[in-house]
Amino acid sequence: MADGDHDLNRGLRSPLRRKLLMGLAAAPALSLLPRNAFAAGPATSAVSTTGLAVTDTEVTCGILHSITGTMAISETGAQQAEKLAIAQINEAGGILGRKIKIIQEDGASDWPTFAEKAKKLLVNDKCAAVMGCWTSASRKAVLPVFEQYNGLLYYPTFYEGLEQSKNVFYTGQEATQQILAGLDWVHKEKGGDTFFFVGSDYIWPRTSNKIARKHVENVLKGKVVGEEYFPLGHTQFNSVINKIKLTKPKVIFTDVVGGSNVAFYKQLKASGIDLSKQVLLTISVTEDEIDGIGGDNIAGAYSCMKYFQSIENDNNKKFVADFKKMWGEKTVIGDVTQAAYLGPYLWKMACEKAGSFDVDKVVAASPDLEFKGAPEGYVRIDPNHHLWSKTRVGKAKPDGQFEIVYTSPELIKPDPFPKGYQ
Amino acid sequence: MNAAILPGSVIGANPNAPEYLLAVDALTVSFDGFKAVNDVSFYVDPNEIRVIIGPNGAGKTTVLDLICGRTRASAGSIKYKGQELTKLTESAIVQAGVGRKFQTPSIYDDLTVFENLEISFPRGRSVFGALTFKRDAEVRDRIHEIAETIFLKDQLLERAEFLSHGQKQWLEIGMLLIQDPELLMLDEPVAGMSVGERIKTAELLNQIIVGRSVLVIEHDMKFVEDIAHRVTVLHQGKVLSEGSMERVKNDPKVIEVYLGH
Amino acid sequence: MFGDYSLGDLGAIFAMQGFAGLILFSVYVLMALGLAIIFGQMGVINMAHGEFMILGAYMTYLCSTFFQSYLPALFPGYFFLAMVLAFCASGALGMLVELALIRHLYKRPLDTLLATWGLSLILQQAYRSIFGAREVGVELPTWLIGSVQVTESIEIPINGLFVMAVTTLITVGVALLIYRSRFGQQVRAVMANRPMAGAVGIDTEKVDRYTFGLGCGIAGVAGSAFTMIGSTGPTSGQLYIVDTFLIVVFGGAASLLGTIASAFSISQTQSTLEFFLSGSMAKVLTLLAVVGILMLRPQGLFTLKVRR
Amino acid sequence: MKNPVQTLTKSVTVNDNPFMKPIEWLSLALLALVLLVVLPSLLDAFRLNLVGKYLTYAFVALGLVICWGYAGILSLGQGCFFGLGGYCMAMYLKLEASSVANTKIQSTPGIPDFMDWNQITELPWFWKPFQSLPLTLILVVAVPVLFAFAISAAMFKRRVGGTYFAIITQAIAAILTILIVGQQGYTGGINGITDLRTLHGWDIRTDSAHTILYFVNGGLLLGCILIAQFVKKSKLGRILVAMRDKEDRVRFSGYSVAGFKVFAFCLAAAFAAIGGAMFTLQVGFMSPSFVGIVPSIEMVIYAAVGGRMSLFGAVWGTLLVNWAKTSFSESFPDLWLFGLGALFIAVVLAFPNGLAGIWREHIEPRLTRRVKGLRAPPPAIVPHGAPAE
């Protein structure tokens, strides 16, 4: 069984590694000792009444991402961040005096496998919480499982919204949070009044573009001059680039993903569209994606996210340093990676507020929790299980980092079922 | 082609008249401009053994291919018992009563001799007919009877791929026999056979031609002389000569292009 | 949709769209040429074709990093060396694969499909283990980036022109090789009649190996060229495979001319449809048209009618 | 001499075509025992559900044995039929889960949630038949079979075969995937049709439902094996083999080859569709990721590992590959793809007859000897070169 210890060890490349190893190795031994080493926590019978895997010294948390298959590329950062957060929490004494034990499962980029493994984590391993999933499809596949077995899922990806489950906390942004502030900014600062939408053909880009179109037409009183979708994996964009040239939009708004992303920006660059003059706003490019696209090809484009690696604050400095220490100097940190990092902390805070690991109590304690230590800055959980967060616009630089050109002044309320945008 | 030279035919008769079992008329096929068969006509009577001879590339096999529907004619007609064959599918042509043996033995290697014959048994030829086909006494008896005729009764349960070359040829003839065709077309039935097998094959052919017409392609002149009622000589896609073996042998045109060299 | 635009605009767009079609055509030819040799001439269904392309792309990536670190002065010209290396690497791997795998399967074409699919899985995982799961960004020399300004409003991407040039060169080269050279003669002889070719003293095994290697090598060059327009990752090769096979099959597998004609018609259809419809529907319609025509005319566009 | 030989031969041929040979009955009994007794008693509900999921792929592999192994038609688009069957079932379940009471927060209650998100305000016409369970059960098989018929009739009439057919079916799988993903208002898009709850009021998400569905699934699979066995043993089965070897000869024995190929392909599609429907029931959703090229080819490898000519092999092959996938991909995610790739190559190069070949060459002769020894018929009755040995 691939439990977390093994994978964690493999990735650690630092003194932290040795410390963690010692800590983990000590964990089983601890249970033999009288309860004093970690005895700060309350009695097990008090913190767990529903049969979760909670012992006097440990609490089990699942991690469920794709390690293999096509999605492994994207999901790597998220699971690394989750492991980092858990290691840090453990180092600081765990949750309610209990160390977090990781059980990691591979969703293998295959949705039934996600459902299968989710069920295993809940039914066999009795995980008190699960950090996981990346694509909407995988989340949709595991959702009924979490609802049926009353599990707890922290989901890190920015997504299309239109969902709200008692058993899920969404630590990424839903579509209106991510998009609207960016559109407002581009409208105000860059005079964006005509837009051309290009997206991959699936639910997230289509829903996002729908919201964007409503906002452009109804609020900004602008015009959408084109809206195009390409099958996932499409690599030829010259025709659509010509269409963009013909319609001359002020703003190109893109949500192309995966290998298509790389092809799109390379061909855009080659076609002579100069991103220092043509405004391009994307909601699908983080630092992770730039790695594959090549910084030169996308420099000048604006990306709309809640987090960039270059955010200047103490939380983030420490987070970036710790992350690189654990996973290597060359790693980059994107929006989803940071959102995944929040999951374990939000869970910890909710458990401590509730004084229990019981899912119902943790869920009940969560709304209005505030996390001031987040790398992105301060966030708050809304009663609708999404996070209040700021939205930022970053300008891509040739070195693969973003220069933050705008930060929304206030936290933006999550609105997964936006009225007037459907 | 002059119909008058055909013994037994009526001059000026309608070639569609039912006296002919097979009437091939002005048959032409071209492959990318090359006319492999060019304006060929000949007529086969009921119960006649007709041999087609000719040098390599004369279009002999193509004529058989055209008759059995394997190749589609560019022009001309093939009438079998008054029915136009050029428009029919291969299987419909077979079901009309035309059987064909290929040059190289064409049998099912993975099946036993018994199963080879059974598949050729003319019943249950539709999809659902085949699903509900029963191996009843009639089928068995007929297969044993044929097996006996083609000298393979002891090999019935053997996989066909283990048969000798000659035995394979016989098996294929047997597969035709069990269809009980009225017109049997054989493409070089004795090619590659030992002398002993050749004699046995001639004996076999003499047995099976009773009550049907046979169209044979053969190079072995001795064999041709043994069996042919009449001979058609093809050369470069055209009919060069036709008639009894005696007549053909003495035709100067034939001597020049074929027997001469 | 054109009411709002000036004639000049439209003219420029049509010119550029024509070039977009030509670029797509070149891309398709380049993708399909290697496969046309392997599938068309040898009858081997090489499902790992995309992975051979990606090997070429990775060679280009290695080259670019090497030149950047050690020979920055020569960086502008590295791409040519990269393409040669890509050809050699993919060709050598191809010959190795032929030796170890393909030559046992010439009589079972459908089984080559399964075996090469297995090979593609192995190659994908190998790339993942060696280069990492993420896509790598290939640095291009600056002269390959950007576009040529033909008139005020007509711009042609340089990398597109480069792909067109590479395609033309390789196509002419392959045509000469197959139809004019001694080697090509042997290849055609072996494909037409293997035992006879063997009997007249052609080393058929060697010809097979070199033919397969040639096809794979061309795939490598294609992959190398595609680093300019597409992604380079362990699974990027999979993006090309369906299109590539359809082009070869649609062209009538046995002829190079057919492959080119088929690439032309498919690329023009797709690029025109993409312009007038949405991208996804254009793709579906193009594929449907190709499949539909293949159902009606299974021998493809160009085949000789021969006696079977 | 003549008579004894003849009677001998006849006495063999009279019994030469039983529905199943003793060894085959034994294999069937063994399979039934393992599927219906051993696995349910050994595995917990969770693992059993997993095996149930694998077994739905076995339906596809079974179809491929008939279509590829026997008829020589390699289809790389079996995922289409698996998916269509699964989608038909999912549409029914989704409509049941989208009752007006369950969906009252939507702007149009009573239609599936993803339609509501896509501003569809009325149930599309092609969803309407799926409000009825009996109709759904018919359509689960009918839709994929008609689709298979439409594809194959056109192609086989024009004698598209072998590699061409494989590539075209592959392209069709690609097209269907793009269509399903693109038409998300009608199909649920890339997420598929999720959150399925009840079948005619019966909650399919509980452990007991999973167990019952497992047995239904196992029973259906055994039923399909018997159907396949019937086809294989009928003259049609022998014609398929004959056709694979010498298509022309079959044609010149008076058969319409296209009809037989269409039948084999449609039968395979029907099996795949049943598998797809059972998949939806047991897993609780259906998505386009089971329609595309990759799952389609993986299903071919199940059949190949089991032995492309063996009905039982198809089931064992499916179970083996999936078991290996689950256990190896958990422990050695990197090695798994190497292993799977090597498996493809090994099966093609070294074991073209798969597990069944190993069984037939090494185990069955011994067993047959045992069985025959027990029944003690005179050994002389077996003629030299008896079939299938």
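When the chains are written out, they are named A, B, C and D in that same order, and each has its own residue count from 1.
What we mean here is this: contacts are C-beta pairs under 8 Å (C-beta built on N, C-alpha and C of every residue); 3 or more make two chains touch, one makes a residue touch a chain.
To keep track of the chains, here are their UniProt names: A = Aliphatic amidase expression-regulating protein; B = Lipopolysaccharide export system ATP-binding protein LptB; D = Urea ABC transporter permease subunit UrtC.
If you're wondering where the values come from, they're calculated on a predicted model, not measured in any experiment.
Visitor: If every chain is reduced to the average of its C-alpha atoms, which one ends up farthest from subunit C?
Guide: B
Visitor: Pick out whichever of the two, A-C or A-D, is joined by more C-beta pairs in contact.
Guide: A-C
Visitor: Closest chain to the overall C-alpha centroid, by per-chain C-alpha centroid: which is it?
Guide: When every chain is reduced to its C-alpha mean, the one closest to the whole-protein mean is D.
Visitor: With chain centres taken as the means of their Cα atoms, state the distance from subunit A to subunit B in Å.
Guide: Roughly 76 Å, centre to centre.
Visitor: Can you give the whole-Å distance between the Cα centres of subunit A and subunit D?
Guide: Whole-Å distance between the two chain centres: 38.
Visitor: Need the CA-centroid distance for the pair subunit C / subunit D, whole Å please.
Guide: Taking the average C-alpha coordinate of subunit C and of subunit D, the gap between them is 35 Å.
Visitor: Using the touch definition from the top, which residues of subunit D touch two or more other chains?
Guide: In subunit D, the residues touching two or more other chains are 178, 182, 334, 337.
Visitor: Would you please write down the residue numbers of subunit A that are in contact with two or more other chains?
Guide: 201, 229, 231
Visitor: Listing for subunit C: what residues touch at least two other chains?
Guide: Touching at least two other chains: 280, 283.
Visitor: Touching residues of subunit D toward subunit A in the complex: what are they?
Guide: Those in contact with subunit A are residues 46, 50, 53, 107, 113-114, 117-119, 178, 181-182, 184, 189-192, 194-197, 205, 283-285, 287, 289, 329-331, 333-334, 336-337.
Visitor: Under the touch definition given earlier, write down the residues of subunit A that touch subunit C in their complex.
Guide: 70, 72-73, 76, 201, 227-231, 233-236, 238-243, 245-246, 258-263, 266-267, 269-272, 288, 290-297
Visitor: What does subunit D use to touch subunit C in their complex?
Guide: So the residues of subunit D in touch with subunit C come to 74, 76, 151, 154-155, 158-160, 162-164, 166-168, 170-172, 174-175, 178-179, 182, 293, 297, 300-301, 304, 334, 337-338, 340-345, 347-349, 352.
Visitor: Okay, in this complex, where on subunit C does subunit D touch?
Guide: Those in contact with subunit D are residues 39, 43, 45, 47, 101, 104-105, 108-111, 113-115, 117-126, 128-129, 241-242, 245-246, 249, 280-281, 283-284, 287-288, 290-291, 294-298.
Visitor: Please give the residue numbers of subunit A that touch subunit D in the complex, ascending.
Guide: My answer: residues 1-2, 67-68, 105-106, 108, 110-112, 115-116, 119-120, 123-124, 135-137, 140-141, 143-144, 148, 162, 201-203, 206-207, 229, 231-232, 422.
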